[in-house]
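There are two complexes below, and they share chain A, which is joined by chain B in the first and by chain C in the second.
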Partner chain A sequence: MRETVETAYRHIISHRIRILLILSVLLFISFIMGISIGPISIPILDVILCLLGLHKDSFAAVIILNIRLPRVLVSALAGACLALAGCLTQATFRNPLASPYILGLSYGATFVLSIAIVYLDAPFAFLPIFAFLGSLLAISLVFAIAGSSWDTAALILAGIAISAFFSSLTSLILYFAGAKAYVIIFWIFGGLTGVSWNVFWVVFLGSLPILIAVAGLAGKLNILMLGDDIASSLGLDVNNIRLLAIILASLLTAIVVSYLGPIGFVGLIVPHICRIIVGSDNRFLIPASAMFGASFLTLVDLIARTAIAPAELPLGAIIGVMGSPYFAYLVRNRRRLLW
Partner chain B sequence: MVELSVENIVVDIDGNRILESISFSAKSGEIICVIGPNGSGKTTLLRTILGVIRPKAGDVRIGNRSIYSMSWKEKSAIFSYLPQDVPKVPFTVVELIIFGLNGVASHSSAVRCNSTRVESILDSLEMRHLISRSITTISGGERKLAYVSMALSRDVDAYLFDEPTAHLDYRHAVEVMNLLRVLARRGKIVIFATHDLTLAARYADKFVLLNHGKLVGVGGLDDVFRPKLLRSVYGIEFYIIRKNGSVSAVVPK
Partner chain C sequence: MEIVTQNWGGQMVIKREYILVMASILCFIVGVIVGYLVIPKSTTQQASIIVVDDLGRTVTLSSPPKRIISVASAATRTLYDLGVLDRVVGVDKYSDDPPEAQNKTIVDPKNSEGILSLNPDLIIAWWYQQSYLAPIEEVDIPVIYIHPQTIDGIMNDIMLIGTAVGVPDKARQLVADLRVKLGYIEDLVDNLTETYGRPYVYVELYKPYKTIGRDTFTHNMVELAGGINIAGNLTGYPTLSDEYIIQADPDIILYESDSLTYDDFASRPGWENITAIKEHRVYYLDRHIATASPRFIEGLVFMVEKFFNVTVDLSSIGVPMKLSTQNGNNYTANVILSQRIFFGVPIYCEKQ
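Showing the complex of A and B:
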């Protein structure tokens, strides 16, 4: 039987829906593992009973509800935010290597946040505003230098220039920060140590509307990826959508950087792996990346807090160690990139 | 009956005059071919008609409305555009076609297409075996055909194709031109730019000859395919070979 457009498309869609279901199972498993495993391990059954509101008064429930649950929820949300920031920058710059970290967004955010912490004594809940200004500044500069020209070299070089610029400025601030330098250095390591319900609520309320907005933008991002002229001819207001995507990517990065520190490479690795398994249609790539990013960060955080327990490894450093070779591999094999 | 009129458009880019007072019109059912040497302004002209470049002076009208007063959504119901260089995107051929059909309205998995028409385009261009392949893994010519399929599948009033046959072998080039002719017969406006003067002469009803951004010839075959005019524009002599009264080939001497 010959394959028609409709049958071929249906085939692709049903395959992708199956993958999304598998990823949701993976998310559930990593969520339960994240709560169950730790210095004191809690049986999975107890975890489930506790989450269902039973077993409220046990010792395990105290650990779960006060320590592990907020931490796992924040790591999952942060993973989803970083992965979607990557999807947004990759569609906007039409380049699979464009991620918030490589473009220097995290460095821009770190720089402005350092000023806010050292010189302005900014209150906890306002940190994302400063981080947002920093990311927006960085991404605007990268765009001014490299544009959306499909030119990987220009993009990466612009990212290097911006990252170097902002990390040097951050070093200068640290140099003159005195005792406050410690706060910043600890935060630059990146991690979820001591994450509380307060952090969860700020991250949750801040990121939820943005995550929903990104999902709503998915179809338009597909069109944007076809190039400005084709996208315009298909009815897309290219400049507005690009601006919106850049703002949303900056907001997502800002929320994560403010409370978890500059965690790199999630926005590169997660969308890349998801693109291999669900394709590049953003209507599937975005939910897939959100779920996989959430699972990924939850599992890496699990490693961070159990590898040398009771001490913790810095999450940002672990992901950096994993992410840098992956990035190098992608650069080296960029001809085989999906794009 | 739709009429597209290009009225005295002047385009400056980065302070350079790219197009100077270009005027012509196209009616439903007409195939207009834009010809001229490299850098003569063909692509700029098509992009100005599409509305992605705003002219410094002049206007492009569909009926009585200026296209520059329309939203992108309104324009998308009028124009289908094929760029000269088609991007390598990580979508499959079938996705590309579906995205083209749905445009910005693309939501869920709605397949809103005139399937018989799309299927016949795929068959004519021999693209069926490639529909599940990624655009990044097919050849340059096949990629061009994928975008041609997408642009042809859309049901609009005017088709703006920038070098639709570049990178294509003769057979596929002729197939693409035949499909454009079918669209014109169904009352659509077709405007295409090309360097292939033979295809231009054989398929177009009207010609717009540009040189250094100026309109140096507009009209039918006999108005534009004059040896002296072509020589002055291209700087070389041409053989204009006629068979049974119509031009069958235009080749450099």
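Showing the complex of A and C:
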């Protein structure tokens, strides 16, 4: 009896590890595709030579090394961050339909960014700081409003209030903004236009501590899923773990949103699909979501920049168009959701 | 929220996760600031051309550029007027003046790969395009951003572009010529407004009811041409209401959308009471002459002619040009510098 349970467990684990390996291969393939394919066609041989450091002076090298490589790296990193933020938010609110944006941080970011552009004339390079601070502002206000109990319902309702507040203020600013409104509206579309190595390093260094923190949290999130009573009786500080998870999710999302604008649905779709593939065990769900999210965003960005080349499709808009029907499908079939 | 907790030794320490949270915030903010300080790279090459663009950035070029990309339609026209259109290799899809500019490779400013594949050595863009030209700045290709908000701003940009492409003398001549013409028009408008007053003007852009506020150069043009912009107390590109326009009762309506006609305006609710509609003073304004290129002078002429029902002839106004014929003789054209209307009698001043 004990033998069969152990072997069954081992089977499941090795099955999941195999899936993780497949996902990492998928990520690698997306990476290669992202670097080789683009609005300007560059033969594969040249791509490999440029990556190896030869062919330094050709414009192909400049494109590959300075445009595509940072862009693919950032899209992979951003996809991973958003997917992880989605996992954490869904674990916290114990609802597979929660997304990292429900606490209104994208509206907070847009609001502070609009003020910076319209009234403060901030240099472009500093705008991500304002967006980031705007996200933090929204989250802090949500916590302040939700009161000392900080239960999930209060957080969501406070999130709705804050979202409405900031989005209305942003509308007012846009109304009087004049030509500068264009910059803000372009940011709202979301996308990886203009991503350079500088963007990669900031996003990487900013998200690295969070990724370390998340890695340590996987086991505790598993316990959290058993229910508040059982989790507390197993010694888990339920409220604090939940709050930590929200803070980490919000920071990951804030970092991505500051540079790329609000890109929705990645944090919703990716964890859900991964849950179907690897199950709800967070030790596997978290790496799986990260890798799948990275591949997902890289491939969608690839489509965005090649579909109507030389023009680009706005990333946030495409994902929204793809994601909303899927989200509606999830809402319809929520009784059959794996949770 | 417990950020601080007790460790095994009884001391109060910050929880490890929150240290990571603070590290992340710190890394991000410091990273952005460092990125800002690092990006304006110093070029070790000899800088033979140094200009300061409209965003205050110092841009250096080692030699006059031979492969220019212009993604600002006004700049394309300016490059043509400076005689360097042959050195332009790429334009954006809105640069249709002159029409032959569209024969160049059309690039999308958001597509850095397309721009880089043309191997440019200078890019001229609008001020708001900086966020997507960042990777190009990072590979040390000079980018110049223009942001003309007044007529003086337009002339500054002509000088800026001319200096950057290596034809400062041509640019100086062009600007001097424009200034003389501008002076002439200003004098003319002074006299006309004294006699006829200043008409109220409503300018409609490409979108219905969208007009120009006081911080735009089109507004500057209208006011210089002797009109009063009915949206002059607003800023940016506001959208007006029927009530506002009817109450302002403009004498002239200028519109830039080429799909509209007088009837479209006359059929708007309540508009039949507007002076401009009653007197049929509704005119199509070609956006190519109301833009930040040297053709703004044509736009000014158009406006003055429509505002005051006069004919303005600038053909003999300008800076004396040095002409040389094929057999090498040099001539100086006598050009009328300005024409003042003094008690209704034109007085000509000539320059030798």
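Please note the rule applied: the second predicted complex is superposed on the first by the 257 of 339 C-alpha atoms of A that agree within 3 Å, B and C clash if a C-alpha of one lies under 4 Å from a C-alpha of the other, contacts with A are read in each partner's own complex, and residues count from 1 in each chain.
Rule of thumb we're sticking to: contacts are C-beta pairs under 8 Å (C-beta built on N, C-alpha and C of every residue); 3 or more make two chains touch, one makes a residue touch a chain.
Every value quoted in this text rests on a predicted model; they were computed, and no experiment measured them.
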{"item": "Partner chain in contact with A:Glu6 - chain B first, chain C second, else both or neither", "value": "first"}
{"item": "A:Leu120 touches, of chain B and chain C: first, second, both or neither?", "value": "neither"}
{"item": "Chain B versus chain C as contact partner of A:Pro70, first or second or both or neither", "value": "second"}
{"item": "Partner chain(s) touched by A:Ala213 [first = chain B, second = chain C, both, neither]", "value": "second"}
{"item": "Partner chain in contact with A:Val183 - chain B first, chain C second, else both or neither", "value": "second"}
{"item": "First (chain B), second (chain C), both or neither touched by A:Asp237", "value": "both"}
{"item": "Which superposed partner A:Pro96 touches (first chain B, second chain C, both, neither)", "value": "first"}
{"item": "Touch count on chain A, higher of chain B and chain C", "value": "C"}
{"item": "Footprint overlap on chain A, comparing chain B with chain C", "value": "150, 237"}
{"item": "Sites on chain C touched by chain A in the complex", "value": "1-2, 16-18, 20-21, 23-25, 27-29, 31-33, 35-36, 38-39, 106-108, 110-114, 116-117, 119, 128, 130-135, 138-139, 213, 215-216, 235-237"}
{"item": "Chain A - residues contacting chain C, complex", "value": "38-40, 59, 62-63, 66-68, 70, 123-129, 132, 136, 143, 150, 176-183, 186-187, 193-199, 201-202, 205-210, 212-213, 216-217, 237, 240, 243-244, 247-248, 251, 255, 258, 305, 309-312"}
{"item": "Residues of chain B defined as touching chain A within the complex", "value": "47, 50-52, 71-73, 75-77, 79-81, 83, 87-92, 94-100, 102-109, 111, 113, 115, 118-119, 122, 128, 131-132, 134, 136, 147, 160"}
{"item": "Residue ranges of chain A in contact with chain B within the complex", "value": "2-6, 8-13, 94, 96, 150, 219-220, 222-223, 225-230, 232-238, 275, 279-281, 283, 338-339"}
